[in-house]
Amino acid sequence: MNTVSHVYKILEVVGSSTLSSDDAIRNAIATASVSVKNLNWYEVVEHRGHINDGEIGHFQVTVRIGFRLDDKE
Amino acid sequence: MNTVSHVYKILEVVGSSTLSSDDAIRNAIATASVSVKNLNWYEVVEHRGHINDGEIGHFQVTVRIGFRLDDKE
Amino acid sequence: MNTVSHVYKILEVVGSSTLSSDDAIRNAIATASVSVKNLNWYEVVEHRGHINDGEIGHFQVTVRIGFRLDDKE
Amino acid sequence: MNTVSHVYKILEVVGSSTLSSDDAIRNAIATASVSVKNLNWYEVVEHRGHINDGEIGHFQVTVRIGFRLDDKE
Amino acid sequence: MNTVSHVYKILEVVGSSTLSSDDAIRNAIATASVSVKNLNWYEVVEHRGHINDGEIGHFQVTVRIGFRLDDKE
Amino acid sequence: MNTVSHVYKILEVVGSSTLSSDDAIRNAIATASVSVKNLNWYEVVEHRGHINDGEIGHFQVTVRIGFRLDDKE
Amino acid sequence: MNTVSHVYKILEVVGSSTLSSDDAIRNAIATASVSVKNLNWYEVVEHRGHINDGEIGHFQVTVRIGFRLDDKE
Amino acid sequence: MNTVSHVYKILEVVGSSTLSSDDAIRNAIATASVSVKNLNWYEVVEHRGHINDGEIGHFQVTVRIGFRLDDKE
Amino acid sequence: MNTVSHVYKILEVVGSSTLSSDDAIRNAIATASVSVKNLNWYEVVEHRGHINDGEIGHFQVTVRIGFRLDDKE
Amino acid sequence: MNTVSHVYKILEVVGSSTLSSDDAIRNAIATASVSVKNLNWYEVVEHRGHINDGEIGHFQVTVRIGFRLDDKE
Amino acid sequence: MNTVSHVYKILEVVGSSTLSSDDAIRNAIATASVSVKNLNWYEVVEHRGHINDGEIGHFQVTVRIGFRLDDKE
Amino acid sequence: MNTVSHVYKILEVVGSSTLSSDDAIRNAIATASVSVKNLNWYEVVEHRGHINDGEIGHFQVTVRIGFRLDDKE
């Protein structure tokens, strides 16, 4: 059994995509990973989107992203 | 700052598809756009589906769809 | 497997009855069926009621009712 | 005790206002009352808003509005 | 009108996939169908995932799966 | 004070009935009691139904049913 | 328009019955009306029950009950 | 650090007003303060209202109000 | 099977403690039991706390407490 | 159709005011706008307040605030 | 990156204890581990308890427990 | 009455511990307090945990932590 007790922080990010709802999640995570290390998991909390001319313009997915805090942080 | 205050109405529609959950949303919006103009956004409220012979038969996604009421309405 | 992908619309109606909560649902559906065809399912979202002289005056049950949109709609 | 059992239908409308959240509700109800008679009650389900230059641009309040169905409907 | 009143049981399963969220649902259903007959519907209750090196490692979708109980069960 | 600490397991079952919503619960419990002993309590989590020709075809009520695990299990 | 602004207080009571879920609500209200005047409405918040020998022993329904505060209170 | 551990009780009250939703909260608190001392905080749990002739008749806001129990109570 | 149908009332109380969250529940129940007889069950609805100098000052747990109404009440 | 897919981050802030609940939201947004650019929308998630001497001391409103991440971030 | 996509099943169990809420969780997991292998995580969904003579008789905690399905299952 | 209207920001942190759920909260707060001053309150939003060999490996508790923004921030 691992005796180390990590602490994680949760970010909330909205990704968007013209392709798919999964791609909107990927964009949210890719953007978050630019400035934050050790991203660990995500959880979808909302799936919305814009409609243009009767078709989906953007998928917009809100995700909570958890990342491990470094020992030094 | 825009000083016009629009009013929107929200429809609730269930779209289905044999292809994907995103396609079920597209079908819901395409059907709504036949009779309603100015569709503006959607929000997923439920994702269910039918199972046939141990496989997904239909993805069924319930969406709330907001549309702007015309000045004359 | 059925390859037709139907689209359904959801109405929200409050039925009331002096008899029972089930009867309040029946009244909501009966009223909706006068003007809408192809009612398919209902889902209870709220059960309230008025009290008169320490007894239930009316059962009031809010139901979401789904109906299939015709091919022509 | 009233023995008549009314049936109500629920609309969902988003009103907006540059003045206040209460005024956004008033605008939603005023717009709904143009085309629907016998509006009876409302219930707030969401309070959002747009931000412009660090200040609230519009209050946007989503309300469910119940109205009594006429005997002839 | 069908006069037979079926009874259904609900399983809760988490499927995962490296491909897509829809594929995670398919994997959950495929695994459940190995040991349970008469799977009838599913409902998504949670969509999470693991992140590896700033990208989605696994889509993890929790579904409730309903199946009809046999007459003899 | 009872010093024995029991453990309970929860099943989720959907019962249906053409008679009433209470009868749908009874059918769910009767079916569960055929194969499981020591059923202890239930809790309603969803009340839906099918509509046929503008009338309720089946009441469908989802219940969580708790039962005590035997000492030997 | 009525210009008097009433204030209401909400009680939470669990009624039980061996007959039906509606009767459990009636018992809750009847008991509350013994000590509180001006009961005005109720709202169901939970429907549970005890199971004895594979059958429903008691329906137990939790209701919030609103009553108008007198001018003198 | 304060070593005294207070206990609070929570009331649920519906205030109404013809002026504003904030005023409905004030009326709820004012009425509660007549008979209860040491009111400490409130929390809005529901915002409804009556509609008369297409305009808001009363704002009705349900608040939970917490108050500190006296040492002697 | 017990044929007596009891009625219960639910109180909502916030207990606090500098020791533990379970102790905060105990304090809530102990205070309620001073003035109310026949306390029967509790249910946790919120777990908050105050922080002083980067450490937990008080655990604050909100519980709903059910008690049986006496035959004479 | 806009082909650029923005990513937004969500902050959660509690604003307070002695004047009104809308003013508490304004204070939350004004404070957030000091250190964050491109604030885009808010959403109310909680409305609480402190009570002093039987009157509202502070309105306290928790809002989620979304802002667009710059291309360079 | 791990390319194997596991499937998990979720059990729902109520553990009880006269000692503490954490101990009630431990009892739930210990009982589940007797008959199920590969228990992987738990999630608390409800914390209730019985009260005897004004004190906590049993802590009762409902947990959802996830376990990995074996390759052969 | 205090006329100063503070603004608070809310962090979301997951603490873990091999000892107890309360200790997991303490670890979350202790880690947050290293980099953030004026921590004021916490609220538990999720209680999960890992299971190793049929026993709890880590308690994992997600808390929202509120802290007062300094006048200069």
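First chain written, first letter: the chains are A, B, C, D, E, F, G, H, I, J, K and L, and each begins at residue 1.
The rule we apply is simple: a contact is a pair of C-beta atoms (placed from the backbone, for glycine too) under 8 Å apart; a residue touches a chain by one contact, two chains touch by 3 or more.
Remember, predicted model here, so these are calculated numbers, not experimental data.
Shared contact partners of chain C and chain K are F. Both chain K and chain L derive from one sequence, and where they touch, under half of the residue numbers involved are common to the two copies. The pair I-L is the one among G-H, B-C or I-L whose contacts match those of K-L for more than half of the residue pairs.
Mean C-alpha position of chain I lies 23 Å from that of chain K. Averaging Cα coordinates per chain places chain E and chain K 21 Å apart. Chain centres here are Cα means. That of chain E falls 44 Å from that of chain H.
Between the CA-based centres of chain I and chain J the separation comes to 33 Å, rounded to the whole angstrom. Under the contact definition stated at the top, the residues of chain J that touch 2 or more other chains are 12, 21. The set of touching chain pairs reads A-B, A-E, A-J, A-L, B-C, B-D, B-E, C-D, C-F, C-G, D-H, D-J, E-F, E-K, F-G, F-K, G-H, G-I, H-I, H-J, I-K, I-L, J-L, K-L, using the touch definition from the header.
Residue ranges on chain K touching chain F, taken from their complex, read 11-18, 24, 27-28, 31, 34-35, 52-53, 57-58, 62. Interface residues of chain F facing chain C in the complex, by the touch rule stated above, are 20-21, 46-51, 54-56, 59. Chain contact summary for the complex, chain A toward chain E: residues 21-22, 25-26, 29-30, 33, 39-44, 65. Listing the residues of chain D that touch chain C in their complex gives 1-3, 5-10, 12, 64, 66, 69, 73.
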